[in-house]
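In what comes next, chain A is part of two complexes: it sits with chain B in the first one and with chain C in the second one.
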Partner chain A sequence: MYEFIAFYIFAISTTILFMITVMSKNVLYAMTSLAAGMVMISGFFFILGADFLGVVQLIVYVGAVMALYSFAMMFFDATKDIKEKHNNPTLVFLLGGLMALVFVIIFSAPIIGENIEASYPIVNGVGNAQAVGIVLFTKYLVPFEVAAIMLLVAMIAGIILAGKKMDISLTKTVIQKEPEDEILKESK
Partner chain B sequence: MIGVSHYLILSGLLFSIGFMGVLRRKNLLMLFFATEVMLNAVNIAFAAVGNYYGDLSGQMFAFFIIAVAASEVAVGLGLLILLYKKYGSLDLDVISSMKG
Partner chain C sequence: MDATILPEVTAVGVIIKAVLILAVISAIAGFGTYIERKVLAFMQRRLGPQHVGPYGLLQLAADGIKLFTKEDIIPQHANKIIFSVAPAITAATAFIALAAVPVFPDFTIPFVDVFVPSIASDVNVGILFVLGMMAAGLYGPLLAGMAQSNKWGIIGSARTAIQFLSYEVVTGLSLLAPIMMVGSLSFVDFNDYQSDGTWLVVYQPVAFVLFLIAGYAETNRTPFDLLEHEAEIVSGYVTEYSGMRWGMFFIGEYANMITIGVIASVVFLGGYNDWWIFAGWFMILAKIAFSFFFMLWVRAAWPHVRPDQLMWLCWKVLMPLAVINVVITGLVMMAG
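Here is the complex of A and B:
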């Protein structure tokens, strides 16, 4: 019964919050509603018994990713409303609605794969975090290490891409500088 | 007890909301938000199906999706800053160089 109430509260709030994210003109409103929606999504994970996944969702998404977005929002001039020119809004709503309809039909169709056996079954008597750790460090060890390398590459890429010439203000007009290259100077 | 189809329908709806955002948005930062919505919707579906079959693989895939999303944000925001330095705007109509 409580699961029922919780599911519907989380479902309605995530849907509304993500609609605000998609529809809002203000970057701040969109980002705040996205963060709140992610908190609500972690609620689903707790209902589903995936405690560790819920905690990771809270820490990584709501903590790290939204902090990155808020820093990015400070770089760009995000206080004013965004003006977007929409060529054909009805087509977008039609396509989005059609996609929603297709998804609902696909997922509400009876699930055929009834004879699927769990390859890594959830062990009774062990907490979710322990079970996840056991599977992650045995069966999924290589993808885990690859993910670690990928995160390292992403970190270096982020530093290299964003870190150059950070002393120049982004929101002011860029002043055209003289070419520093020797060949370009000689050709002038 | 809530069946797996509830979660899957909700996940499909959230994914379509994100898809609608991707189609609708012209600002690159807002486009990133819409992709985050789609990734979160897929995560719910993975966790629900994993719970339905009593399998931990769904949660594992959700973990790796979260890792991919985190690195995507790091690289993508760096690229956004470069684009903003070059064009002074994040609007796709301003940035687009091919007039097709």
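Here is the complex of A and C:
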């Protein structure tokens, strides 16, 4: 009974929050409802008994949206509405609606066909984290390692892009040097 | 688990527990402000509050009356909805985090026979849940700063973002080593692992120190109180707040301090096991009280750091240390 009520509370709030994310013209509303919607989605994992995935959803998306916020803070005035440019609202509405319909059909087809089955059902007596770990390091080992390498590449690239002048202190007085780059010299 | 069968946890029990946590922790948070002023005063050779009531004890009530009766101001150009929601986020997430940690022992209310559990919601990934919820709590300062259309507020929320991105990695990596040793994410398992009397801090002193430093950054206590440092950015994200909205930020911060104290006590300092002649409930209270006192001590002893120093500390010093600690722990566990 409680799960039933909880499911509908989470479902309705998730839908409304993500609709605000899409519809709102204010950065602050959009970002806040995105973060709140992500938290609400983790509620579904908790209802299904997948505590570990629920918590991972919470931690990962809370951090990710926080990083998005810092960009929003740099680029927009958070207290004002943004003027959006709509060239062809009818086309956007049609394409968006069709996409949504296709997704609903794709995801509801197996439920209607009643051939949905858990490949790795929850085993009694084995914790959530252990169960995820066993599947990750046996069945999905290669995708897991590929994802790890991809993240490593992204991290190294990020450090190289950001850290070109890391040896110079930002707070001490920097002596103005003549630019060594040829393009910078010419532009002066 | 041992053979004794615990009574069934009912919805009524959990609700009573939730109300209990809310009431007691709010009261402690209020009392904490008095303790903080007195302790800081003694350490800095001042007197602290002493005019209202004996030893200034009623200062607490005076502050409460002041907070409740103050005019509630919302700035003209602020985003009113977000401005009002932000304090609630801080306070609510702080108390939600407390739902998954053990506070007070189990007990049964006599006559009506309702069992009140020690942990309101015993999720088996408790430690991650608490960390995630405390991380979500930083949305309070972030939104508050951005909604109030005040330059100090914006700087405060920008500092919130960099502080979050700095300490979060260190908290996770420092707790990873003890988690590897215990092999579980549940607070109960951490407590049982240390039931032989050897505290985890003996095996993991580096992880303990790293966790404390990251924990102080998480609760924005003084060496890392960048968010609202008066000398630089007036009051940061709380510049425009008054009355009870400001009070909610305050209660959230103190509840978070208690949560960090509970995590440090259960994970590193032996949890609620009996020790010598002292019962378990006394030990856990003593440890939480000590870690609270330690935060005040640190506040009295160190000046605050600059944002760039915090980032330097977290990413260039603490994170490599935490990674080395995890690797060494893994090697020792594989060899042993």
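In this text, the second predicted complex is superposed on the first by the 120 of 188 C-alpha atoms of A that agree within 3 Å, B and C clash if a C-alpha of one lies under 4 Å from a C-alpha of the other, contacts with A are read in each partner's own complex, and residues count from 1 in each chain.
Throughout what follows, contacts are C-beta pairs under 8 Å (C-beta built on N, C-alpha and C of every residue); 3 or more make two chains touch, one makes a residue touch a chain.
Keep in mind the model is a prediction, meaning the values are calculated, not measured.
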Chain B versus chain C as contact partner of A:Ala30, first or second or both or neither: first
Per-residue contact with chain A, leading partner among chain C and chain B: B
Contacts of A:Phe52 with chain B and chain C, given as first, second, both or neither: both
Partner chain(s) touched by A:Tyr69 [first = chain B, second = chain C, both, neither]: both
Chain B versus chain C as contact partner of A:Val92, first or second or both or neither: first
Which superposed partner A:Val39 touches (first chain B, second chain C, both, neither): second
Overlap of the chain B and chain C footprints on chain A, listed as residue numbers: 52, 56, 69, 73, 78, 170
Touching residues (chain side chain B, partner chain A) in the complex: 1-2, 4-21, 23-27, 29-30, 32-34, 36-37, 40, 43-44, 47-48, 50-51, 53-57, 59-60, 62-64, 66-75, 77-82, 84-85, 88, 90-91, 93
Residue ranges of chain A in contact with chain B within the complex: 3-4, 7, 11, 14-15, 18-19, 21-22, 27, 30-31, 34, 37-38, 41, 44-45, 47-50, 52-53, 56-57, 60-61, 64-65, 68-69, 71-73, 75-76, 78, 82-86, 89, 92-93, 95-97, 99-100, 103-104, 106-108, 111, 116, 118-122, 131-132, 135-136, 140, 143, 147, 150-151, 153-155, 157-162, 165, 168, 170, 173-174
For the chain C and chain A complex, residues of the former touching the latter: 11, 77-79, 81-82, 85, 123-125, 128-129, 131-133, 135-136, 138-139, 142-143, 146-147, 149, 154, 157-158, 161-162, 164-165, 168, 184-185, 306, 308
Residues of chain A that touch chain C when the two form their complex: 2, 26, 28-29, 32, 35, 39, 46, 51-52, 55-56, 58-59, 62-63, 66-67, 69-70, 73, 78-79, 127-129, 170-171
